[in-house]
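Read through the structures below before going on.
Common to both upcoming complexes is chain A, partnered first by chain B, then by chain C.
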Partner chain A sequence: MKIFQVALGILAAIGGFVDIGDLVFNVSAGATFGYQLLWVVVIGVVGIIVYSEMCGRVAAVSGKAVFDAVRERLGFRTGLVALLSAQVVNLMTLTAEIGGVAICLQLLSGLPYRWLILIAGIVLAVVVWVTSFDWIERIFGYGGLCLLVFAVAAAKLHPVWSAVGHGFVPHMQTQSPLLYAYFAIGLLGAAMTPYEVYFYSSGGVEERWSPKDLGLNKANAIIGYGLGGFLSFSLMIVGGSLFLDKGIEPEFLGSIALGAEVPLGQIGLLLALVGILFAVSGAAIDTLFSGAYSLAQFLGWEWGRYRAQTGAPRFTLTWGVLLVLALGAVMTGVDPVMLTEYAVIFSAVALPLTYIPILLVANDRSYMREYANGRLANVLGLIYLAVIVVISLSAVPLLILTNVGQN
Partner chain B sequence: MRRGLALCLAAAALAGCNGGTVDKHALKRDAEKVGSLATEGELLANDMSKGASTKYFARMHAKELSRAASNLADALAERPISPGIEAHVHKLSRLAAKVSSQLEQLHLHPTNRAIAKAMRQPLSADADAADRLSK
Partner chain C sequence: MSDSIDLGLRVVDRQLLDSDERRCGKVDDLALEGGPGEELRVAAILSGPDVWPNRGGLLGRLAAWIGGGGRVRVPWNEVAKVDVQVRLKKRAPELGLGRGDDRLRPLIAKIPDADR
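And then the complex of A and B:
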């Protein structure tokens, strides 16, 4: 059924919107500012839909993914800077997600953390090795939908719905404007993290999209990221309804799961943990593939899961090496949640290097023929480019001024 | 490119700095953190007392909270303190250690509803005490 063909969009969104850092970040935003930042999530969702649709269209029409465009449009040097920054952030994020998978398994099983890191790495490697791209999308994309338990939890906590509605109107009622700005920038940066579009566009090529799939591309972008945004809303509402008045500052993955346990009991807890497990695993796969896609596309190697491992040996080796590096990093005991916060902020700095080429290529009629950007896509694209530049310039100063959001 | 990398590294180092002297602002923030841990522990204890949690989740999450409180207690005991607030900082350090040991009970007895029920009120009281210290 065609409705199931939106699994790519769902997996990209799950990996981008509800990875380990976003889970904690969204709930923290609610626990700190109530519902005041809901409007920021809307801005982020629209932005990633606009650019993902462009990426998917480029993939469908030209058969090329984002990093092909980066190399061709920016030239080797600038493209190399974009590649290196993307790989550093990818590796940080992959490390954090593997740590997150291990934490989630520990909360479910009680087994020692370090053993679970190894188990997580091995299972991810086996799944990526033996499973087709289609089934990876379905398993992790649809498994992550267990996170919809947070929507139920949010409703069960009986928020003041008029206050929730007011949260969709831009406003700021706080004595900590810098902290508010930090969260706003972090939420926007997390919504538009480059690895989402690298994964999405490469996934479009993996799925052999052609111009007849442009409708499917739009559906994937809108439904997938719309769902990701809905999950973000739910998490923020849980944070605002349960944690804000009690003065709780959620720092741990367990704190997030508590947000489902308190209103829904054991079943809520288990669904939340299973959903988090699939979402964070999905994010690990997104970033693992994004890293391998980016390098292979930039250097002109064969790439893709639709080829057998022997058909794309350097691509296969790349994701293998990335996985081993990330496992080694997690074993050092680094805090996965804090690491992904840094990753989001640093990836925000390099956002223009990803999104400018996309906009250029999507307008290039020699690439795109009659499928180049229309007026609406260009207007939205330029507006969001301005937003991206603001995010890029302010991310690091806010990181410093707020002491990584600790105020 | 080298300048950019240096800037990013400096940013990471500066942002990560959280040591140094405990002043009034740091005392307030740390008191809020202790209160947060105690209140979260109370929520967890409440669920445990009703059988609304699972054994492994309760055990592991209580341990995480306990460890965080213990780390705070140690940090408050070891860091230099601004003049005039020494008594408050020592009091907060002892409170954080108390919260840690209460959470440790939840960690050690994840299926014991009676212990979980018994921990609710002390954790709530500790959260109130932390709240008073934060003001």
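And then the complex of A and C:
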């Protein structure tokens, strides 16, 4: 029974890993550089595993989530800057995810885009209102597993496997190193998006983790995110096999779904669209909650879906307001794919403000007792801190120099 | 628990939990007492938007304005225990904490199924 539950959690984590940022950056990276950037995905996935394991452990041992740590370790003033930047990026991401939901619904139904935005908003609000936390995670995680169709598509497209293998070895064969660097930063930013750790750690508290659940935490982080990374590989391989050198830029979510239709026909297209629909809907709820979690944790309000709406009124109001703001933003007709690129790059800038406090708290023995970071977690944590700082400093210059990846 | 505690690291900015384990604010600041030559003593925990300008400068002032002001003073002898949270002896309303949530609750409760 226990193993069964662990397996269910892992399945949900795989489906929940991919969001609109991963879809956009993996497929475009494939379309632009073939399989060359696969190694960057590996680095990003190991990074999110290291830090989500850490903040999941903190949540299980202390009952605290990431923004508690941000407030305690950065103090009020710097913490407030971290909170503000997190909210801005979060709202951009939420807007992009909801736009993605509406696009999928449009491709599936043919109804007008603006009506579908409204429908998407209402459905998301109702689902969050009436469904328990566990089931929210499961519904969207399992639905997102339809994305595995991209793994089948990747194989069916018969890529040159030696070239795929070569992609896992860091190398650069291009006339435009800046664009290469821009995509590398985007892939890392998409894999290590801060909202994932806000949500992951708060989710640990929602599910009332205790030190007994540390094994579950480790399994979820390593296997769930690891296999989520496998989906990212598939997306990039599909992008590389199908779009590279054909002058096609997958600028629409629909063209990403084409990646499954070409090798697998109608059923491939349908599974891809349903998979993308569930993945971005789930990510929309994750970002929606992450915004409310961060604010409530920073200010010390009661929070969490496990408290029921009346048990955490300001938390509930916050996600309600965020949802309305994001719906309004999507209604302006902003292009979700473009917005995704900006959101991923800006989130990369703010990465250190999220990850430094996690590393500090996970090392605090008065907090973590015998569960504090071991040597492996610290060595990896420090290496990734260096990576994050480099990403953070180079993200905006690369955004400008490459003209948002258009070169 | 040792008998000394680093107030800046272990108390300020920590979560306040009332006797029902309800989250009811943060330790935004501490009120210290003691005259010249005397030993300093923690008199109270300060919590609420009116404390933020002292902590967060211009941004803190803006946040306090949005937060609507207000400050609650919780005497230090109402603290039951300091671990990773600051645990209080009484329920939040008795100490004047968590009022934002309490005021909003009746409105949220009007929406069907709000207690699920």
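FYI, the second predicted complex is superposed on the first by the 389 of 407 C-alpha atoms of A that agree within 3 Å, B and C clash if a C-alpha of one lies under 4 Å from a C-alpha of the other, contacts with A are read in each partner's own complex, and residues count from 1 in each chain.
Quick note on the criterion: contacts are C-beta pairs under 8 Å (C-beta built on N, C-alpha and C of every residue); 3 or more make two chains touch, one makes a residue touch a chain.
Since this is a predicted model, take the numbers as computed values, not measurements.
K.L.:
With everything superposed onto chain A, say whether chain B and chain C fit together or clash.
P.N.:
Here the two partners, once superposed via chain A, fit next to each other without clashing.
K.L.:
Contacts for A:Lys246 in the overlay, against chain B (first) and chain C (second): which applies, first, second, both or neither?
P.N.:
first
K.L.:
Is A:Leu273 contacted by the first partner chain B, the second partner chain C, both or neither?
P.N.:
first
K.L.:
Considering only touches as defined above, state whether A:Val81 meets chain B (first), chain C (second), both or neither.
P.N.:
Both partners.
K.L.:
Which of the two partners, first being chain B and second being chain C, lies in contact with A:Ala312: first, second, both, or neither?
P.N.:
A:Ala312 contacts chain C only, not chain B.
K.L.:
Could you say whether A:Ser290 touches chain B, chain C, both of them, or neither, answering first, second, both or neither?
P.N.:
It touches nothing on chain B or chain C.
K.L.:
Just to be sure I read the superposition right, which of the two partners does A:Ala257 touch: chain B = first, chain C = second, or both, or neither?
P.N.:
In the superposition, A:Ala257 contacts chain B only.
K.L.:
Just how close are chain B and chain C at their nearest CA atoms in the overlay, in Å?
P.N.:
9
K.L.:
Identify the overlap between the chain B-contacting and the chain C-contacting residues of chain A.
P.N.:
Overlap of chain B and chain C footprints on chain A: residues 81.
K.L.:
Which stretch or stretches of chain A touch chain B in the complex?
P.N.:
The contact residues of chain A facing chain B are 81, 106-110, 246-252, 254-255, 257-258, 261-262, 265-266, 269-270, 273, 342, 346, 349, 396, 399-400, 403-404, 406-407.
K.L.:
Within the complex, which stretch of chain A touches chain C?
P.N.:
62-64, 68, 71-72, 75-77, 79-81, 84, 129-130, 132, 296, 298-303, 308-314, 316-317, 366-367
K.L.:
Please name which positions on chain C make contact with chain A in the complex.
P.N.:
Spelled out, the residues of chain C in touch with chain A are 10, 13-16, 22-26, 28, 47, 52, 55-57, 59-60, 63, 67, 84-85, 98, 100-102, 104-105, 107-109, 111, 113-116.
K.L.:
Quick check on the complex: what are the chain B residues that touch chain A?
P.N.:
Within the complex, chain B touches chain A at residues 1, 7-8, 11-12, 14-18, 29, 32-33, 35-36, 39-40, 43-44, 47, 50-57, 59-61, 64-65, 68, 127, 131.
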